[in-house]
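Next, two complexes with chain A in common: one pairs it with chain B, the other with chain C.
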Partner chain A sequence: MAYEIILATTMAITVLFALSLNIITGFCGQVSLGHAAFYGLGAYTGAMLTKAGWPLIAALPPAAVVAGSVGFVVGLASLRVRHDFLAITTMGVAFLFVGLVRKQEWLGGEIGISGIPAAQFGRPGLLVLSIICAALFAALAVYIKRSWMGFAFDSIANDEDTARVLGIDVPRFKLWAFVIGTSGAGIAGALYAHHVRYIGPDSFGFVESVTVLAMVIIGGVGSVWAVALAAAVLSVLPLWFQFVSDYKLLIYGLLVFGVMRFSPDGIAGAVKRLLNRRS
Partner chain B sequence: MLAVDLLIQGIVQGAIYALIALGLTLIYGLLRILHVAHAALFTLGGYVGVIVTNQTGSLTLALFSSMVLVGLLGMLIYRVAYRPLLDKPPLVALIASIGLFIAFEELFRIVFGSYGLSFHNPPLRTQVELGGGLLLSYSRILIIVMAVSFLSVLAWLSSRTRTGVAWRATVTDPQMAASFGINVENVRYLNFFIGSALAGAAGVMVVLLTNLAEPTMGAVASYKALAIIVLGGLGSVRGTLIAALAIGIVESFGTVYIGHILDRDAIAFAFLIIALMLRPQGLLRAG
Partner chain C sequence: MSALLSVSEVTVKFGGVVAVEDVSLDIGLGELVGVIGPNGAGKTTLMRVITGLVKPFNGTVALDGQDITNWATDKRIRSGLALGQQIVKPLTAFTLLENVALAAGCQRMASPLQALIQTKRHKELARAHEFLDMVGIKSASDAYPSEVPLGYLKCLELARALALEPRLILLDEPLAGLNQAEATEMADLILSLVNETRSILLIEHNLREVIRICPKLYVQDQGRYLDFGPTSKVMANPKVRTAYLGEAKA
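And then the complex of A and B:
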């Protein structure tokens, strides 16, 4: 049972992480190649606080605030650079984060932080907490998608210049997308830190950023349920491939490539096509 | 003297970056694709270089075969991976490319082993004294000479030959070029061949410096080269060259003077972010 709980917790945290990027990339169309940096910010904030004696629940809001504030600054950058330039800038932010943490002795430097206290309500409790957080965030995402803000995000994703002409306050909505998305990643990070109980600079590298972006794209940009599904499946996929352990990353890479090559709009697109053919 | 030493190191590093990034910028200029898997071609170039040198003892042959082989693989990647995705949003090709890159890296690890390959007897290790206590190995000199000559040949090709003119016309306006009877498809294949061959050459050069071809050597190249072409203004060849040299030099000085607060990659990206905030369109405009 313990193994299933660990798997399910990994799933729930990854779903939350992917849904948070989906707000920025999926809803608002701003490509981020550095989302793991905010996951990392949340993880480090959470870990430092609980090591100082805070309970985990109390450490979640500060984690969201720290990640969200940095997200706000990066959002400001998105007002200045666009498209591919923005993708590379966010990638730079991720490297900057890792490079900085690596050299900070008080954050554990190269070695990272170990001995992070376990959640006081045990593993099953952490699972429940993770599921609640992921479900709340999914509900928030669905709510945003249907609200006026969702329409505004959509218009920015489709054609930023036209949105501006139509009188939509593009900078404000972009900043909101970044703040909401990065705060979500911060919470996911804090949960993650108490799930694995060891974090280091290499836990939040470029690969992690790309992996979460791949989840959003493979799910189908902007679709909440499909992104959640893709994140849940892809987060445990390498474990299912254990029987071919030497080849699991090879298969993973080919799978990511294959989905893009044959169904560029992801799982959501494939399902939609399938349903249309039936009817 | 330290400053001169660092400057030379920076220029050597910049020359290698330039060769990797040049292929990327050619491909971006033509197809608007951020071709991450380019770094896998660079890694393959390194492997071919080591293997052929060890088998035949000839570095020239190794360089040549690495460029041809990697160039052909580049064309194959275009045919299989990118051509069907050209009318899709650019993000799709980017993710496909990342997937391809992960798969290639793993493939190299499985085929060549995770510890990497080295030269049996590393060529060009001798050092020459430049006066004032400056030592420079032949391999570094060769890298600078090769980078300069490749770039000059490319500049000559693109401005003085029919193929070069056709290529530039296609970059500027593919539809107009096609209506003038240029076979755009051929230009694209040629583009991938040349760009990938340059990455292959860069792979051989890096292996000459480090004496180790390993599965992960492409990782640095994959993202730093992307940063360089963006800084150069995406699609601008001259901008890419300037950006490559700038990042090489900033890194080499940065690791010495601010290495205690930021690591090498972070220094390069900090420079990139500052530069982009000041000039959001990159150093030079594409064209």
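And then the complex of A and C:
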């Protein structure tokens, strides 16, 4: 049973992490190759606070605030650069985060932070908390999609120059997408730190950023349920099958290639086409 | 009474090239003004200055007496300007109806927070149906832009501009790419949209239609003001004829 709880907690945290990127990349169309940096910011903030005696629940909001604040600054970059250049800029953020953390003794440097306290409510409690956070974020994402903010995000993702001449304040909406998305990643990071109870700079490297982006692409950019499904399945595959763990990047790469070749809009697009064909 | 739009002494430079030089232009409420000039006269640049897509090197733009020179494009749009672009730019992931509904809801998206707390769209969708009906493409409401011909997309630009509920619509070559019958139909439609609460500034190369529907003309050549006034007077100006046809040889 303990193993199942660990699997389910991993799933819930990854779903939250992927949904948070989906706000930025899926909803608002801003490609980010550095999302793991915000996951890491949340993890380090949460770990430092609980090691200082804070309860985990109280450490979640600061983790969101720290990640969201840095997300705001990175969002400012998105106002100056677009498309491939934004991808490269955000990739730089991922490297910058790892490079900076490595050199900070007070953050554990290369060794990282170990002995992160277990959640007071035990592993089942952490699972419930993770599921609640993922479910609340999914509900927020669905709500945003239905709101006028979602409509504005869609138009920016489609063509931001046209969105601007339709009266939409594109820079402010982009910043909101970055802040909401990176705050979500911060919460996911704090939960992750208390799930694995050891974090180091390499836990949040470029590979993690690419992995979560692959989940969003395979699910179907912009679709809440499909991204959640892809994240849930892909997060536990390496735990279920040793060969997936050994060849994780190769398998994810093949999956992304397959999706881009046969269904560029991911699982969500494939299911939609199937349903349209039947009706 | 102050003008609805007042462009004063605007100069635009791109590097060393002066695209618009010391241009002034006033438009009142309820007016339909045609902007003409040979290719490269700086007409589109002038329109882009008015919408805020290009920052002038010098000069001011005022709407209803309020200086909007330093305002961002989206703020100008929400304050009563609308733009129909020369190259149609529909949002391809949206149906025609959604394209217009998005414009109809621009005031709901004045700030992200305001946009976040509002979800209802039926009022805007109903308004979008009305505007699509007004421009004659209601039958294609649920089609995507890739599924309809250019004439429909030109009408969509117009419907989207109307949905912003502007006081001044700037139209950049709305007749370009249309055959004569379609151009005449579109010109009639544009004329019908001018009323006591709405003005239109029409940049157009189709002189026949511009002269037919515009009571006033503004002429620009090589970035400079050439003439502005009633159409018959402007078209009788030898300088305007020279700008279009060149110097007569002796």
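Simple rule for what comes next: the second predicted complex is superposed on the first by the 268 of 279 C-alpha atoms of A that agree within 3 Å, B and C clash if a C-alpha of one lies under 4 Å from a C-alpha of the other, contacts with A are read in each partner's own complex, and residues count from 1 in each chain.
We take it that a residue touches a chain if its C-beta (ideal position, glycine included) is under 8 Å from a C-beta of that chain, and two chains touch if they have at least 3 such contacts.
None of the values given here were measured: they were computed from a predicted structure.
Visitor: Just from the overlay, do chain B and chain C fit on chain A, or is there a clash?
Guide: In the superposition, chain B and chain C stay clear of each other.
Visitor: Scan A:206 for contacts with chain B and chain C and give back first, second, both or neither.
Guide: Only chain B is touched by A:206; chain C is not.
Visitor: With both structures fitted on chain A, tell me whether chain B or chain C touches more of chain A's residues.
Guide: B
Visitor: Tell me the contact category for A:260 with respect to chain B and chain C: first, second, both or neither.
Guide: It touches chain B, and chain C stays clear.
Visitor: For A:99, is the partner it touches chain B (first), chain C (second), both, or none of the two (neither)?
Guide: A:99: touches chain B, not chain C.
Visitor: Measure off the angle at the C-alpha centre of chain A toward the C-alpha centres of chain B and chain C in the combined model, and quote it in steps of 10°.
Guide: 80
Visitor: For A:250 in the superposed arrangement: first (chain B), second (chain C), both or neither?
Guide: A:250 sits against chain B, while chain C stays out of touch.
Visitor: Give one of first, second, both or neither to describe whether A:155 is in contact with chain B, with chain C, with both, or with none.
Guide: After superposing on A, A:155 lies in contact with chain C but is clear of chain B.
Visitor: Please work out whether A:167 is in contact with chain B alone, chain C alone, both, or neither, and reply first, second, both or neither.
Guide: Second partner only, chain C.
Visitor: Looking at the overlay, what does A:176 touch: chain B (first), chain C (second), both, or neither?
Guide: Touch partner of A:176: chain C, not chain B.
Visitor: For A:81 in the superposed arrangement: first (chain B), second (chain C), both or neither?
Guide: Touch partner of A:81: chain B, not chain C.
Visitor: So after superposition, what is the minimum Cα distance from chain B to chain C, given in Å?
Guide: Distance of closest C-alpha approach: 12 Å.
Visitor: Overlap of the chain B and chain C footprints on chain A, residue-wise?
Guide: Common to the two interfaces on chain A: nothing.
Visitor: In their shared complex, at which residues does chain A touch chain C?
Guide: 143-144, 146-149, 151-152, 154-155, 157-159, 161-170, 172-173, 175-176
Visitor: Which residues of chain B touch chain A once you look at their complex with the stated criterion?
Guide: 34, 81, 84-85, 88-96, 98-107, 110, 219, 223, 226-227, 230, 234, 260-270, 272-273, 276-277, 280-282
Visitor: Quick one: in the complex, what on chain C touches chain A?
Guide: 51, 53, 72-75, 77-78, 83, 85, 89-94, 102-103, 105-112, 114-119, 121, 160, 164
Visitor: In the complex of these two chains, what residues of chain A are touching chain B?
Guide: Residues of chain A touching chain B: 31, 77, 80-85, 87-89, 91-93, 95-96, 98-100, 102-103, 206, 210, 213-214, 217-218, 221, 246-247, 249-250, 252-261, 264.
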